[in-house]
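Each of the two complexes below includes chain A, the first together with chain B, the second together with chain C.
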Partner chain A sequence: MVVIEYEAPQSLGEAVKLLSDCTDKPARVLAGGTDLIVQLRSQVGGPQLIVDLKKIPEMMDAVLDENGLSLGPSMCCAELTARQDIKTVYPGLVEAAYLIGSTQIQGRASVGGNLCNSSPAADTIPALIAIAAECLIIGPDGERQVPVEDFVTGVGENCMASDEILKRIIVPLPAAGTADAYLRFIPRTEMDIAVAGAGVSVTLDNNGICTAARIVIGAVAPTALLVPAAAEALVGSDMNDTALQNAAAAASAASSPIDDLRGTIEYRQHVVGVLTRRAAVIAADRVKEK
Partner chain B sequence: MSEVKDYKYIGQRTIRPDGFDKVTGRANFGADLTLPGMLWARVKRSPYAHARIIDIDTSKAEALAGVMAVATAADFPAIASETLQMGETSADIRDLARNNLALEKVLYHGHAVAAVAAVSQTIADQAVELIEVEYAELTPVMDVLEAIKDDAPILHDDLFTAGLAETPETPSNIAMRMELKKGDIDAGFAEADVIVEREYQTPTVHQGYIEPHACTVRYDEDGQSMIWCCTQGHFDVRASTAKILNMELSKIKVIASEIGGGFGGKTTIYLEPVALVLSKKSGRPVKLVMNREEVFRASGPGSATRSWIKVGARKDGTITAMQGILHYEAGAFKGSPMAPGVMCVFTPYDVANVHIEGFDVVVNKPKVAAYRAPGAPQAEFAAESAINELADKLDMDPIELRLKNAAKEGTQAIYGPKFKAIGLVECLEAAKNSAHYKSPLGKNQGRSIAAGFWFNAGMSSSVVINMNPDGTVVVVEGSPDIGGSRASMAMMAAEELGIAVEKIKPIIADTDGVGLNSTTGGSRTTFATGMAIIEAAQDVVKQMKERAAAVWNVTLDQVDWVDGVAVNTADEARLSAAEICAAAGSTGGPISARASLTARGAGPSFAVHVADVEVDPDTGKVDVIRYTAIQDAGKAIHPGYVEGQYQGGAAQGIGWALNEEYIYDENGVLENAGYLDYRIPLASDLPMIETVIVEVPNPFHPYGVRGVGESSIIPPLAAVSSAVSNAIGVRMSELPCSPPRVLKAIQSRDN
Partner chain C sequence: MAKTHVSTTINNEPVEFLCEPNQTLLDCLRNELQMTGTKEGCSTGDCGACSVTVNGRLVCSCLVFGVEAEGQNIGTIEGIGKAENLHVIQQKFLEHAALQCGICTPGLIVATEALLAENPDPTEAEARYYLAGNLCRCTGYDKIIRAVMDSAAEMRGTA
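Up next, the complex of A and B:
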């Protein structure tokens, strides 16, 4: 019989200690469990110690102030998407969280879990990179901070050691005239995995000229990709059709998707360009609405 | 002929008797029975799509602590080939045994080769890993066109094409050829001004039931056994298990649990004989449950097809000739629903010259099972698409073209009967007059329609009605309820008895508790089992009138039955059902009646659907934006559940048209064995499906009932794909119309 131990510490210190003391068997932390528990059921030889993070208050809250957003990574998406204040400042991040699974799944699933599971198709990762989010990581040797684009290192892989925990997600306050957007493509309306995704943040000046942009594509490479060439296509333009078309082409060119049952290489390359263009238009419209 | 009557209960929207149990979670499904001392089983499955079994070594599994029994095909008695009717389709019992546990060869990835029963599921799971099977791999054949090539690897050395003029001497993957013809096909095309001709393709699809196959069985010391399982037909489970294990029917009791969907997929068996062998060997009850992946890999899907259709018409829209060649994948063993496909394909039309050829072809996929109107959606997709293309070429409205050629009362159907009253014209008129059909379309939108025909089945039903001493009623039937039929049974009993529907309790008895019942399939239950209920209820009424006549000492013709009360026509004396039943012990004994019948005259149900779609020109994604399902119910017993059948069939057909398909890799391994990547439509994917119930009474049924469960899945395939064609200006002849395929069509148009 396989025995799985379950711990629910009240503090991050305790959680880190549980992990670093656990040297004789595989251990994993648990947030909403919507990835982990599914994996447990389909895997042989999974973790034998599970450390639940949901009893740790600082993992579960979100603070929005003049410095930006500090997000407790285990807050469930339903709670995050209900936060009007956050949605106003980072509409793209919130819409990415709102795409995960369904109402039921969002009652459990967290942004931190989405990030740490590090799937190439994770919806919040391109949205987080687009808004220049960083990961504050805690471990036995203290804390360190890593940009999200450097956090995810491969398919299902990230830069954390097995005794490290993602403590906060830190997002700077966007510059004036900035808005973000995230779009993904699935063949249905929900409960599906992105065939391609695009997170975009644009900054426009008073004349509607784009002064800065971050464009990130998802599900079309082993990790979400920041595409500077696509951003450059927009900067200096008034977001006209040619600029948008060039940004789309740059996104398609940067992608290196695989052929699988969810989409062909050709199809994904095309669609990621379409999404990039559409997300850029939405982000620009959001700036104008502000 | 049924007359127009005023009904008291028929046509109401009563509460379903199984509702509370289901919404509270109290209802017991296939995997819910646990018995003292019970073992847990797991099946060992083939890693190859096509291979010869050299050796199976179970010794290590048997040696594992906690393992109580291991079974292989060697535990089944040798049986000869014999055809057994199962639901709407039939099975060769020898093939069925080999599908339950492979003998000599494995014929698809996931084919069962052995099974283990152990004291826990974990141990059973570990034990199957310890079973060592030596295989000699063979090349898999994954597509009909590959399978029918002269040099194709042969699945069965003893399979010779049936239906040919001369008996062939070499084995073939073509199990059967069938042909139907009428008139002179060449002369028919010579008369035509316009001809359309095209190839069509449909994928392997899943019925989409949510509950996996499951059973708990017990083989007793005295040779009696019990099977609890989720099935559409427990009498067929009994018959097939008995044949495979060479047992007497009286030794097997099958109890049908509540069922979480079947749609034809639960009209055959995979687990029951295997579990019984394990139970017999271990002396303990055994539970055997498939997981979702096993359901996809190893239970019967709907058949993939390739069809060629040619239709010719005169300028005025008169169709002069219809020709088709239909290839159906049977999966690992012969027996695709090719024959019904051949019989249905052009049946909505009254055409002088028709020629249809059909082929039943084995491939290295799981043996197909029935799926709602088995065989019809695939064939009629091709035919209805061709009719829509013809309408375009003739510059005629597709409804007008169909009206001009529609089958009606008196039309000689190619598969045999001359139609009595049927409702195709009425359905087409309803579509033409609908607000939907007249509404405008926007940019990137397209609309189309399609018709559908399905025979419907009658088959055998047995029921008993028992009157309780307080005048309440138990209706004992043997038709597993997959669509709310218990409500309809109670309503029909209520109507005849004049007793309130709330006082009537319908139950589904096990195979020992009621006479033989054919499987719930072929849209037969409300029609045929309902007929038995009407007959038994009339008998009960007669008995109650007799008791009243005896009490009053009058002749039977002086007693009327009014709203559940016997009335003496001479003096207005009254005796209620409750009073009669309370006194029954002293007036001749308890009151009950039975009826057993084979129902004739199942009226065909025609359907016409109207679909509007919007296509995203940049991604190829299709949204169904408005949808109307129109169908002839004959007489809707419970209109709510009739509408539910229309909507459910439409939803399944829309999924088939847009996203559903089994995707196999080059080794014959299914890549999307689960609902994440096998995309059935979600509630949020569909608009509210509008319904119109047309009622052209079936002259063979006392209330005019026709089966309504199946026809609704037929039209969506062509209605939706033709609507996509109209939106993008390219003919979509291959399903599903998934985003990459639609985008490719758009790009090919633009280049």
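Up next, the complex of A and C:
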């Protein structure tokens, strides 16, 4: 385990200052620690400065109103998934958070940590892109807002500098007739990392015709990918089998998965198409239930 | 490096300890406070042997720094029943032979208590999902689940 110096500031201003003043050693922010503590344990040396964000009130709350959702990125997944109001509006995001690890892991793990760790298999990232979520980032030079699909830039990499902090996750209120869904495939029912995942948001008019869609695939490329061709296959259709099959084919074609013991390239390409189709059907059913 | 002083509450008692900032809560409980009821399996969040509650929420103590316990309310297996006066869940684990080597047992009992506090009448599927982060290499889980379901019934007064 790396030697650390631990700070738990009470405000974001203090946290940013701690990070930007720290020039003599690496500095990391700590949310739930379910990625970070595992990583620090496998390293040696130090010291590193660890800045705990959990004492900062605006990192820990979630506000849902007529503008949509403003999520404190360090709220733990157990608290998020218990929020019935958020689940009603963004069921796909909540089901993605509910898939992370075990009850114990969800008691600490945050959506912000999942996003900032930027793993290709992170479950909430496709779900966030499907609902057009944006990252509000704060740093020494002020704030900027970046769509989630542009935030993650590579395997374990994102657009933030080392003295920046993800301050809020901002999600617009879905248009009328819109619902989302997230599905992943793992070799067992719990406690595993996605072999493939799909986040889908669809908007249907009163006649059941799809007027807009966002389709995102996860774990089958270095980053989660928005697949416009898959969305185009659905728009204008009544979500019939041909349209769904075309969307699935477009998702498979957009993927560039790795080969490993948990799935071959061909297998992952196929499965991501199946997940896309199924998630689109679930999202459409959710619109009809509303 | 100077050790950090931590003031916390464990099983509703005020507790103070000194630790290095990189020691986990699990390490602090076992090696600074000699509270060895909480077990270490994997140290990576996968097995649940180290389960404790922080402000009532079930977590892995191997993925929490000891310094994060400052001002928080920690619950451990030592707060659930006493050798001479076992908790219902402990009694049911014995009755159903829900343990062999026992390494997973404290974590499972802490997790079961958290489950039943949240959901006093879980279905078997709900109990299995809730406890999926508690691994057992010995029992094959069936006896554990029987003990959990029987504990739930007893605690609801419908056994």
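Heads up, the rule we're going with is that the second predicted complex is superposed on the first by the 283 of 290 C-alpha atoms of A that agree within 3 Å, B and C clash if a C-alpha of one lies under 4 Å from a C-alpha of the other, contacts with A are read in each partner's own complex, and residues count from 1 in each chain.
Just so it is clear, contacts are C-beta pairs under 8 Å (C-beta built on N, C-alpha and C of every residue); 3 or more make two chains touch, one makes a residue touch a chain.
For clarity, every value in this text was computed on a predicted model and none was experimentally measured.
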| said: Which partner chains sit in contact with A:L40 here, chain B, chain C, both or neither? Use first/second/both/neither. | reply: second
| query | When the two structures are overlaid on chain A, which partner does A:L261 contact: first (chain B), second (chain C), both, or neither? | reply | first
| query | Regarding the shared-chain residue A:P187, is it in contact with chain B (first), chain C (second), both, or neither? | reply | first
| query | More residues of chain A are touched by which chain, chain B or chain C? | reply | C
| query | If you stack the two complexes on chain A, which partner ends up touching A:I105: first (chain B), second (chain C), both, or neither? | reply | second
| message | So in the superposed three-chain picture, is A:H270 touching just chain B, just chain C, both, or none of them (first/second/both/neither)? | response | first
| query | What is the shared patch of chain A, the residues that chain B and chain C both contact? | reply | 1-2, 189-191
| remark: Listed in rising order, chain B residues that touch chain A in their complex are 120, 122, 618-619, 621, 658-659, 663, 671-672, 676-677, 679, 681-682, 684-685, 738-740, 743
| chain A residues within the chain B interface of the complex | 1-2, 185, 187-193, 195, 260-264, 267, 270-271, 274
| task | Show which residues of chain A lie in contact with chain C when the two form their complex. | result | 1-6, 8, 30, 32-34, 37-38, 40-41, 46-47, 50, 52, 54, 76, 78, 101-105, 107-108, 189-191
| For the chain C and chain A complex, residues of the former touching the latter | 1, 4, 20-22, 24, 43-46, 48, 51, 54, 57-60, 62-65, 67-68, 70, 111, 114-115, 129-134
